Amino acid sequence: MKQLSARFERIAWPLGFGIAVLILWQVMVRAFNIPPAILPAPTEIGAAIARSTHILWIDWVQTAVKGAITGLIMGAIAGVAAAIAIDRVDFLRRGLLPVANFVAALPIVGVAPIMVMWFGFDWHSKAAVVVIMVFFPMLVNTLAGLAATDRMQRDLMQTYSASHLQTLTKLRLPAAMPFIFNGLKIATTLALIGAIVAEYFGSPTRGMGFRISTEVGRLGIDMVWAEIAVSALTGTALYALVALIERGVTFWHPSQRRRR
Amino acid sequence: MRNILSILTVVIAIIALWYVGSFFMNRAWVMDQAARAGETPSLMQQIEGTMTQDRAKLPAPHQVAQELWKGTVEKKVTSKRSLVYHGYITFQSTMAGFALGIFAGVALAVLIVVSRVADLALMPWAIISQTIPVVALAPMIVVLSNAVGFESLIVPKALIAAYLSFFPVLVSMIAGLRSPDGMQLDLLRTYGASQSQVFWKLRLPASLPYFFASLKIAVAASLVGAIVGELPTGAIAGLGARMLIGSQFGQPMIMWSALFAAAILAALLIWLVTGIEALAARMMGGRRA
Amino acid sequence: MTKKPVISARDLDLTFETNDGPIHALKGVSLDIEKGDFVSFIGPSGCGKTTFLRVIAGLEQATGGDVSVNGMTPEEARKSRAYGYVFQAAGLYPWRTIEGNIRLPLEIMGFARADMPRRIERVLKLVDLEGFGRKYPWQLSGGMQQRASIARALAFDADILLMDEPFGALDEIVRDHLNEQLLALWAKTEKTIGFVTHSIPEAVYLSTKIVVMSPRPGRITDVIESPLPRERPLDIRDTPEFLEVAHRVREGLRAGHAYDD
């Protein structure tokens, strides 16, 4: 009973807050007669979404699926694989970790124009930007995760005379999972940013970033907000998906054990 | 010492790989030119050709370094082609956004820690805000801040930078304000401390190391925000704007030098914040217990 | 002697409601502690010794029965600064010097600024930490940190000192030393001390009264008045009297089925 109401509260409060903001938005736009070219009301945005589902779908496939998600998957796999490879060689690990840490903190979005120049206007350049943006946080987090086992646990594996591969799959990768998922969460938020930014440097006549910049020019602000809504939903859904998988994989970790 | 050696080796290896990459990526153009002139270039000629192109696909490291040197030291700081000038523009909005982000992050964290309702109602939205790509919102932020009456681009750019940088501060501050354990709270209860005394004497000082640790991430995020904010806002000055111009006019050297200038700026900012963090740690008792 | 007890508990009950059903942390606990007593609470984990101390301190609310401290409720006693509490860990603020840590309760309780240095000086002397006031906690050993936390509890002149396994995390040698010092401090200050421990020698060595407790439900199984003199050198632990008391404590623990599981 108590747990049920606590759960209800966890959903009701944020939902209520979100709805309150939308209502306030609607009322403000109507009360102050704000022109739609500056800020359309939520209902107008809803109408724009309903009116142009086809365009939104095409843009979504172009940017989110082909650009962001493809890049995210490739970059994540590359990052984890590179980390596992680097981890084998102590010299490399000590040299690369600080460099990778440094690079991960740099504004990597800046490679977008270069990728567009290399791979052309279509989704390949977008995916390439995402791969690079995603690669470094994944690499850094996985390396940190692989180092997260303590001496005693590793000594135990050694008493079994476990091979490197066995230690990796049975101890170190599972122990690294919370770190890998942490990196993946950062990566999902970066992926959409990368894919959209790259479109500002050139794109075919579809894609969310393309649509946003052209519609701003044509004062089709309701359409811009419709794209924002789609991108927001996509970003949140991607993040939620990763969080859901994380809960399944790292159920044993203290951060996931809140209720049992 | 061994670490420095490893790092140096890695950096040298990266630069070597870069040269190899430039050679292969730029060779097609050299061969093309040669074929048109009816010549077959020797390997040395090929190498020379790939390292000196103005519009190289992948300029060689020394070309980028030269371009950086030209853009910073040889140009007057006030020149529109000076990287220092553009870097300063980006730096301004980065710092404005950073300050705004810190303020918003700390204020929200305090609110969330003090009020359970705020925690329930706002925290999910704070997380969701970070899953929404800012770049999509950026043009709207420009339109809106224009409508409100801010002519200068620094306001929307700072807002975008703050949008990215407030979150790490928020998360760390919440963790920091909640870091005192039951025993420390009990101790203050035995003194009959009030809620505000618990906050000022325990929670706030306990959160400071967390706060400073978050600044590094926040300043890096702020810079990304400032650069991204220059892309769809029609900015003509700033490192992001330089990238856009380089891309539109097909000038790879401009893009590369802007990219590296941004990287250098990021390094400077992080170095600065790390210094502040170390200073603060010393004032807080020298070491975290 | 018809002294009025400083701490008096009558039929205390405390039940925690958990998902696995109620847990009786304390059941029918009655005890009087007189002024100047050194009372140890001993028993296996889950016997409610810490809970009892927390009830006395008003950190936990009893679900039944009465407890009074200096004739007041624990809440009131706390407001009148009746006791200082020492926890298992020193819990010193790493961002404050030792002086700053001792000043903390004084600041919260609103002592006059001018009064503080004198008080800090005095309690540092009591715990043998003169000259360490300007150090930061991490510059001190574990035993010294715990002494600083005792100084912190003494700073505001409470009559009662409540200590929850204060030396539990320290090694045996340091612990012996601190026990000796604690006795000296007790003799000097004539405080009433409530002391939770799970070490039989420690309890016997320190106490004038040993309260043996046992779990499920948490209750008192024996109260032993120590026949040992108040002056106690460390080697008193080899005397027959000492061993005799220790034996009785052990018997008491056994009677409470403490070793069943």
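Read from first to last, the chains carry the letters A, B and C; within each, the first residue is number 1.
Assume a contact is a pair of C-beta atoms (placed from the backbone, for glycine too) under 8 Å apart; a residue touches a chain by one contact, two chains touch by 3 or more.
Since the model is a prediction, treat every value here as computed from it, not as a measurement.
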| item | value |
| --- | --- |
| Pairwise touch network: line, ring, star, complete, or other | line |
| Highest-count interface - the chain pair sharing the most C-beta contacts | A-B |
| Chain at maximum distance from subunit A, centres defined as averaged CA atoms | C |
| Geometric centre distance via CA averages, subunit C-subunit A, whole Å | 53 |
| Intercentroid distance (Cα basis), subunit B paired with subunit A, Å | 17 |
| In the complex with subunit A, residue positions of subunit B that touch it | 2-3, 5-11, 14, 57, 117, 120-125, 127-128, 130-137, 139-140, 143-144, 147, 216-217, 220, 223-224, 227-228, 231-232, 239-240, 243-244, 246-247, 250, 252, 255-256, 258-259, 262-263, 266-267, 270 |
| Contact footprint of subunit C on subunit B as seen in their complex | 183-184, 186-193, 197, 201-202, 205-206, 208, 284-289 |
| Contacting residues of subunit A [partner subunit B, same complex] | 9-10, 13-14, 16-18, 34, 38-39, 91-92, 94-96, 98-99, 102, 105-107, 109-114, 116-118, 188-189, 192-193, 196-197, 200-202, 208-209, 212-213, 216, 221, 224-225, 227-228, 231-232, 235-236, 238-239 |
| Touching residues (chain side subunit C, partner subunit B) in the complex | 54, 57-59, 78-79, 83-85, 87-89, 91-97, 104-105, 107-109, 136-138 |
